[in-house]
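Read through the structures below before going on.
You will see two complexes here that share subunit A, one where it goes with subunit B and one where it goes with subunit C.
Right, the complex of A and B next:
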């Protein structure tokens, strides 16, 4: 007989199932955007990028939160979305001069985003076949390998990606309203998945894989579905990033970005959709605050130190993040959801 | 022959690093992303040490990194010890970035040059048409010395406790192995290995920067996975196998594909994870218990 070791698992009493989570979060984001537009117009660009972050982290949450597996590879899907959008929206004339090797496909901006998401989902569907059969740590490492492979390809397929210098002169057309609308779409997709039978089955497997399996949950298949859904949303965010920033390079989608997004998810709470949104907002706030400090004191590195400290403190003091498993809802006083 | 020397030298470097990672994985299932930053700190100690005698610089590097490793365990990893392995992985990710940004703050993001050994032993020896760098000899010698010491250590009381804890932590505790002590020991040894890796790496590169340890650490991870998680002989085997793969692919891949070497290597990792999730030599810590 081998000794029985019970792995420490996050234990969740009830499932978040209130209808108003998505409207409440959309309202919260709208309020943030309203405040920024009226009072802090110099932060409009930062807010657009924060909304890109919301889409990404919400996408990552739909995999990490429901399956319980930390993914270090989702930034690769963001890269796929960004490159797809860049390739399909850079004007024909510019493309001939700067990137003669790029395929000549042109799409209108919103369709380009969806195309990026679909391509990311396709890649996830393919690489997920082997990867989603892995468990726990091995799966995390597998996604990390995926990140490294995509990074290496983006760096070296010069004809299509522009190599290590990256891509520039993507049409910058992502307004605050657009970004807000896409965030709402992402929230809706992820929430719908979370409420579906597939989401429930996957959460059951997260809590106790053996019990879930004995009840007929095909864990690898459920993980695979979640992986594809989250890849679509993350691909979407990549396209948004391309349209918001106008230029990027392979290193925009590597370790630093991965660390930033993982920090947001951990600090906010990886088991909660609200946590994903709040994580992005609070870390963005922290980052901008520290940037001001950095400029005032001439200490470079304060931002990174603050972010790693925030992540470490969260892991040590509040392992499930700010939100834990709670969600933001509209509820009448006295009504406990 | 030349090829064999390259494989040995490269493999030894990976082995040094991989052993440090495998040690801490064995006792607490922690994949320590911060190991590369332990190496970086070791490199900066050598930079700061500057003109003091070589032995004193090396000794202070080993002591400081060993101390840092133990301190990191106390502050960051002990509180999350009972969390799931993924949470510990993320914690080490955070520690890694914290140390890296501290290095940027203290030393700037540009590299600092360092000369570990006097120029007289950095040259190349020519023996019968072979080019043997002194550095290759030092690398292999350091690895062999540390391996032999580690094997000797494993025979002592603390070593037996460490092996028992890697085998089955709960039972080892029931039999009177002190958890904090055995994990502390593992981290101290892991720190010594990190310092040794940093010395070899600093001598090879002559430059220390905040991302000094990252690449080597990533490859050492692969070695640990390929060899068998938590198995020390497996880590060494995996490291030399990786040295073989990377030197061979450098030599055999056509020029156009050579830049994709890293992608190939990570593809191999995924394949190995699939075919033999527990690695070539199966480590006991990797076995999933219900």
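Right, the complex of A and C next:
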């Protein structure tokens, strides 16, 4: 058995339902972690953040990929997850001194992450009611407005969020192993949704909304379901980020983050789960490489410009990203034809 | 009257300048194939849009199995058993042929597994099983029509409206499609309405034919009656389109 990439060549029927996509991607991520642990320990922290990115971008892909609507607002769900985890896991004593206004709820770390995901899903369920009636660009802009609303709430609800200075002393930390495990969970959730009847109906509507309606697909409802699922996963990633970084502020979840994640999904390929994962890995690699360049040349801006160039080149040369509609799968030698 | 699976009364649809559908009645019984013909621009597609909920009539009502469905959305009508196909096949390009059918079978059957086995049955029935894993966008125009029809049938409609199934097909494909249509009509509890310019298809398949011209019904009757109807002959000969190979 070898991991191969199924190309969508005419003779090869792409079979995205292949069961082995999630195991293959989990194995790929495990290998990356193994290499980092053994050979590049100085990149352990970067790798943990990359896995946070994997969870986020995979979550965003489950909406953008299946619905065909790009979202510029999913970082808002990440913020909700991050603040939930911070508020529920900052030690009692620290909280009393630093953030006396915060609610006195304490949760064990894994539960805090799930709570963040659930809260993000709840918000998505509510804002999705009006938002998911919009089509195409209007829907994308609507998600952008959501991002701005959540950003400003985080900035101004000082008592709960710590305001613009943000939150610190989220003590737990996030190990590489835990980050890897959460990535696998995220992949499994998103894959299961994608393979469900709901995911299939939404992809049909993405391909042709009129034909989908003629077959009884309730498009707004299907989009809404997808929005909630993806918000849950992105909420999880926010909790992971809070644990991994220990401190953050509202601007951690605003334009720079949004641009970075959108770039990852575009470059990797928005229609593919494998594309989401590869987008995070390749852009992280690019970003770390450009940081070295920045340090060597004293020129700050190389990272952002380089990432923008990557997005532009992808849009021009390979509009569906590295992966197109293909997925990584296990196949016996020869089976992939 | 209540035997009609599908009926419509007094449908009117005005666009700026034209009344595309002008006081049209319609009735289709289970087991029947009704042909809807008329010169280009006669209002056939508009009528199908009104009946299936893709457009709203200015006045008039639509009934499915005795229930007034005039106010339901297209998707709601479809889930109740009123399904249509399109002048272009509108296949889901990046879904496989099988997935195209599964999407359609899902609302009725609920479970993914049952929808899949229904899809497989129909692929067999339409002799396209070999293409089940092919993305829709890779099919020829003729095959897309056949898959589009099978996809509509996968929804298990009680009434099926088919817009120009044979347009652009060659003789062989057109015959294959006609056979499939009559097999569907004979083997399933279904009322069908077919829009078609190819008179050979209409005359061989339809039990009854309704003729539209300038948005109005000018004749309804058996294929033989329609062939001899003076008003129909005038409409076709008088129109510049002359599309009817009668």
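Annotations
What we mean here is this: the second predicted complex is superposed on the first by the 319 of 337 C-alpha atoms of A that agree within 3 Å, B and C clash if a C-alpha of one lies under 4 Å from a C-alpha of the other, contacts with A are read in each partner's own complex, and residues count from 1 in each chain.
Keep this in mind: a contact is a pair of C-beta atoms (placed from the backbone, for glycine too) under 8 Å apart; a residue touches a chain by one contact, two chains touch by 3 or more.
Keep in mind that this is a model prediction, so the values were computed, not measured.
By the touch criterion defined above, A:271 reaches subunit C but does not reach subunit B. The wider contact with subunit A, measured as residues touched, comes from B rather than the other of subunit B and subunit C.
When the two complexes are overlaid on their common chain A, residue A:26 makes contact with neither subunit B nor subunit C.
In the superposition on chain A, A:217 makes contact with subunit C only, while subunit B stays out of contact range. Contact with neither subunit B nor subunit C is seen for A:51 once the two complexes are overlaid on the shared chain.
When both complexes are overlaid on chain A, the residue A:132 reaches neither subunit B nor subunit C. Shared-chain residue A:207: touches subunit C; no touch with subunit B. With both structures placed on the common chain, the touch criterion links A:329 to neither subunit B nor subunit C. Residues 8, 210 of subunit A touch subunit B in one complex and subunit C in the other.
Contacts from subunit A toward subunit C in the complex involve residues 8, 10, 13-15, 196-197, 200-201, 203-204, 207-208, 210-219, 271, 325.
Taken together, the subunit A residues at the contact with subunit B in this complex read 2-5, 7-9, 68-70, 130-131, 133-138, 140-142, 145-146, 148-149, 152-153, 155-156, 210, 255, 259, 262-263, 266, 299-305, 307-309, 311-312, 315-316, 319. Residues of subunit B touching subunit A in their complex: 29, 31, 76, 79-80, 82-87, 89-91, 93-95, 97-98, 100-102, 104-105, 108-109, 168, 170-171, 214, 218, 221, 225, 229, 259-260, 262-263, 266-267, 269-270, 273-274, 277, 288-290.
Considering their complex, residues 52, 54, 73-76, 78-79, 83-86, 90-96, 99-100, 102-104, 106-108, 111-112, 115, 133-136, 138, 151-152, 155 of subunit C touch subunit A.
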